[in-house]
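Two complexes, one shared chain (subunit A), two partners (subunit B, subunit C).
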Partner chain A sequence: MGFSSIIDILGSMLIGGFLLLILLRLNDSAVQNVYVNTGELIVQQNLLETIDLIEYDFKKIGYCKVWANLPDPSKSILLATKHSIKFLTDIAAPPTYPGGDGVVDTIYYYVGATSALSGTPNPRDMMLYRVVNSETAKSANLGVTQFDIKYFNALGDSLTFPISVPSSVYTMQISVTVENTQAYGEKYSTVFWRQLRLAARNLRNR
Partner chain B sequence: MGGRASLLLVIGFSLIFMSISSRFNTLTTSSVDGYGAYFYDLMAYNIALSGANMAANEIFMDRTWEAGFSNVSFNGGTLNVYVSNTASGSTGKVTICHVPPGNEAARHTMQVASSAVAAHLAHGDYLGECDAVSSSSSSTATIVSEGTYGDSTRVIVVELRPASYSKYGNFYASISAYPATGDTFNGPFHTNGKLYTSGSPVFWGKVSTKSGLVMQGTPKDPKFYGGYQTGIDIPNDFDTSGLRTNAGKVFRDTTGSGKAVEVKLYYNSDGTVTYSQKIGTGSYSTAKTVALTTLAPNGLIYVEKGNIYTKGTLKGQVTMVASKKGTSGYGCVYFEDNLKYNTDPKTYPSSTDMMGIVAESNIRIQSNTTTKGKDIYTQASMYSVTGNIGPEDGLVTQSYLGSWKILGGLIAADTRVTATYSGSTPVKGLRFVHSYDDRFLTAVPPYFPKTKYYEIVSWYE
Partner chain C sequence: MTIGAMFLLAVTVLNVNKNFNTTTEILNDSKIRILAVSVATSMLEEASSKSFDEQTDTAAVASISSLTAVSSLGLDGSENSSNHRTLNDFDDYNAYKTTPILDSISILKDCPKIVFKIFCKVDYVSSSSPSVVSTTRTWHKKMQIKVTSSAMGTDTIKMNTIYSYWYFR
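Now for the complex of A and B:
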């Protein structure tokens, strides 16, 4: 084996090493990017699922298919706090009862404590609960880190907490933030949605 | 050899990069797809919302409107609005189940003209009701608004009915006394003028005005716990003569000489009514006691060109109308004493006792030996078309300070004081103590006057 062969081998090893390093780096980068992009997709899907449900329910505040069963829809909001709301509606699910079954239901939305999800790496995520009538609370960890509601009266002024007369609520602003429950290098993807003035039409009827 | 290896290396890396890039592109596209679908859905909703608002406005302007909108290009999408309206006058209505295209969950029972049935069946509707649960027989117009944007369709269903004056806790064409701190109003409140408030009065029902709101005093903080809306014009120009046609019992001068009549209607807790009448300057007829359902089977009693004097305990449902037929001094209703329900709806919300009082002129608590020196109870929805509602002067200035306890509504051209005040404190007369009868939000006394407009009773989206 001549000198040139040794140089060839060393050169090959050097180049091969560089290529290996590049491949490793590429692999790491690819994993990170896949993680981040998949995380982005998941949080956006989670946000859409969340707001679809919120819009579906909140726009029915004060609604009842047999409207006489809810004589004064302006009094449909029973509880209004910054992170929770309880209201009357008719939420029987289609297709069995399109537009409701004519029976007034109570829906209660609230978020749990961040400490309840200490098992997830994200320190800010909370459970978003939805309770229909007296059923067991249904929830899912969709990575909700913010569920804030701001309330406004009939003159457009924001109401201060605590709100002692929930029927004074005329419109509301809902802010929802969703993050990954876990992230690569703790770089959590964040998506935010805000309904500036959600006016449930039945609150203004009659 | 080296060149071939390099080529393979480049191709290999390219394949790896393409694979990763493709994966990233898929993820990014999927993310955007979600918001794209949300955008399409939102646009479809906005189109349906616009259609519902436009159709509702058409019905507010013309209560017989039933034309709807068909395949209207709107904001980049398509708008279809179907309307069923029992006030349209068209006959031969057919009940169908309307199924919005691609959105069977939003199906809705409608009454459509027979000429429109074929078009409905062509797009997948079917005859008969959709489901066992119908909205309500007392809503007379239904709007189904469908907005389509791309492949997304949203549906809004609106139910309307003619609004009755009886739903108001307080309705005044104009208000000469300003609601002030310490005042509490129950039930819907309306004025066709401008609403002036002083300080912080409380309104528990929805408040509507024609000409806006002026807040005065300190703090300028009226409490509208049932909502507030301005720009609402509800003319107070009901013509009572139309009620005569439907009346189950009409009291009038039967001699043909056009004299006025005075009618006493005393209600008894067993469901009967004791009545007598006086024509002109004559004397009262012998009192007769009959079942209310016999005197006026449909619950509507009409006094033509005369006054009504009433008291007692009502068991059943009745609306009394006093018309003046163009003659001043008539068209009044006088309470000779308490007028209450046999079954108090405050204690028993399912009570079916219900009274409506319509007077072309004033409604008064008579100042007499029975009404002086005690609290007065009135349970009814009272409508004074051109006058106001309250005690006679003798009760306002009496030395006793009692209360006028009302359960029901006051609909009048103007307000009337009930007590004599020293500063802002009542010292003589009757304190005004008003409670709203919640049943009037959904139920109406027999033939009680309706406003010219429809109201939305249900909005589904």
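Now for the complex of A and C:
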């Protein structure tokens, strides 16, 4: 084997090494992108699912199919805090009762502590609970990291906490943020939704 | 031959990176559009929380001729578009423009704050053809909202809602 052959082999090994590095880097990027993009998609879907449910429930605050069972809709909000709300409504139960069964129900939304989800890598995520009447609290970890509600009276003035007279609530501002529960390299994707003024129609009936 | 192989590899790597960037861009665009939809629905909700008409703000109206004339839809009297709290009825939002600073939050790590522009239009519509603007007064008003942003390029989010008048006798 001549000197030139050794040079050829060393050169080939060098180029091969570079190619291998490029391929490894490419593979790493591909894996990272799959994780990040899939996570992003899941986060966006989770946010929309959460908002869909919240909007549907909140718009029906004070609604009852049999109006005589809820004669004063302005008193439908039973509890109003920054991270929770409890209100009266009539939950639809399709296909039997698509517009509600005429019996007044209670819905209670609240968030749990971040420490309750210490098993997930994201330190900020917490459970968003939805309790109907006296049922067991239902929730799924959708990566909610913010569930803030701001309340306004009929004049549009912001109400300060604690709200001792929940019937003074006329509109509310809901801010929801959803993040990945776990992420590649701890780079969590964030999606934000702010419903500036959610005005349930029945709350205006006063 | 080696140079050819290197060239092929370079092209492949470039294409893969291009695809990664496209996917990321699409997901970020979708994120901004979600926020734009929330801005639009917020405006719809805000307008829907007001009275149906200037004349129905403090009293009930039984005749359609008592409502605001088609040509007068928009601000009345001392109402000021720069202070939305002075707007007291649904059609005050006709030709209303705003740039919600409150919603201009940074949701992308390497992106400055996003500023949205909102334009509203309110018209009377009839119950039989709600998509057609009515030239006469009716019990139904339709609001069209357009949300644009430099972050969304030339894309525009458009949403509509119809607000009808009703009251308890």
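In this section, the second predicted complex is superposed on the first by the 205 of 206 C-alpha atoms of A that agree within 3 Å, B and C clash if a C-alpha of one lies under 4 Å from a C-alpha of the other, contacts with A are read in each partner's own complex, and residues count from 1 in each chain.
Methods note: a contact is a pair of C-beta atoms (placed from the backbone, for glycine too) under 8 Å apart; a residue touches a chain by one contact, two chains touch by 3 or more.
Fair warning: this is a prediction, and the values are worked out from it, not measured in the lab.
Overlaying the two complexes via subunit A brings subunit B and subunit C into a clash. Of the two partner chains, subunit B is the only one that A:153 touches; subunit C does not reach it.
Contact with both subunit B and subunit C is seen for A:26 once the two complexes are overlaid on the shared chain.
Once the two complexes are laid over each other on the shared chain, residue contacts for A:194 go to subunit C alone; subunit B is not touched.
Of the two partner chains placed by the overlay, only subunit B lies in contact with A:167; subunit C stays clear of it. Within the superposed three-chain model, A:44 lies in touch with subunit B and with subunit C [touch as defined at top]. Of the two partner chains placed by superposition, A:83 touches none, neither subunit B nor subunit C. More residues of subunit A are touched by B (comparison of subunit B with subunit C).
Within the superposed three-chain model, A:99 lies in touch with subunit B and out of touch with subunit C [touch as defined at top].
In the superposition on chain A, A:65 makes contact with subunit B only, while subunit C stays out of contact range. Of the two partner chains, neither subunit B nor subunit C is touched by A:124.
Of the candidate stretches 74-82, 92-100 or 128-136 in subunit C, only 128-136 runs into subunit B once the two complexes are overlaid on chain A.
Subunit A residues in contact with subunit B (one complex) as well as with subunit C (other complex) are 19, 26, 30, 33, 37, 40-41, 44, 48, 51, 170, 201, 204-205. Against subunit B, the residues of subunit A that register as touching in their complex are 19, 26, 30, 33-34, 37-38, 40-41, 44-45, 48, 51, 59-60, 63-68, 71-72, 74-75, 94-95, 97-102, 153-155, 165, 167-168, 170, 201-206.
By the touch rule above, subunit C contacts subunit A in their complex via residues 2, 6, 9, 13, 16-17, 20, 23-24, 27, 30-31, 34-35, 38-39, 41-43, 45-46, 48-49, 85, 100, 102-103, 105, 107, 168.
Within the complex, the subunit B residues that touch subunit A are 9, 16, 20, 23-24, 27-28, 30-31, 34-35, 37-38, 104-108, 130-131, 133, 135-136, 138-139, 157, 159, 167, 188, 204-207, 223-229, 438-439, 441-442, 455-461.
Within the complex formed with subunit C, the residues of subunit A that make contact are 15, 19, 22, 26, 29-30, 33, 36-37, 40-41, 44, 47-48, 51, 55, 156, 170-171, 190-199, 201, 204-205.
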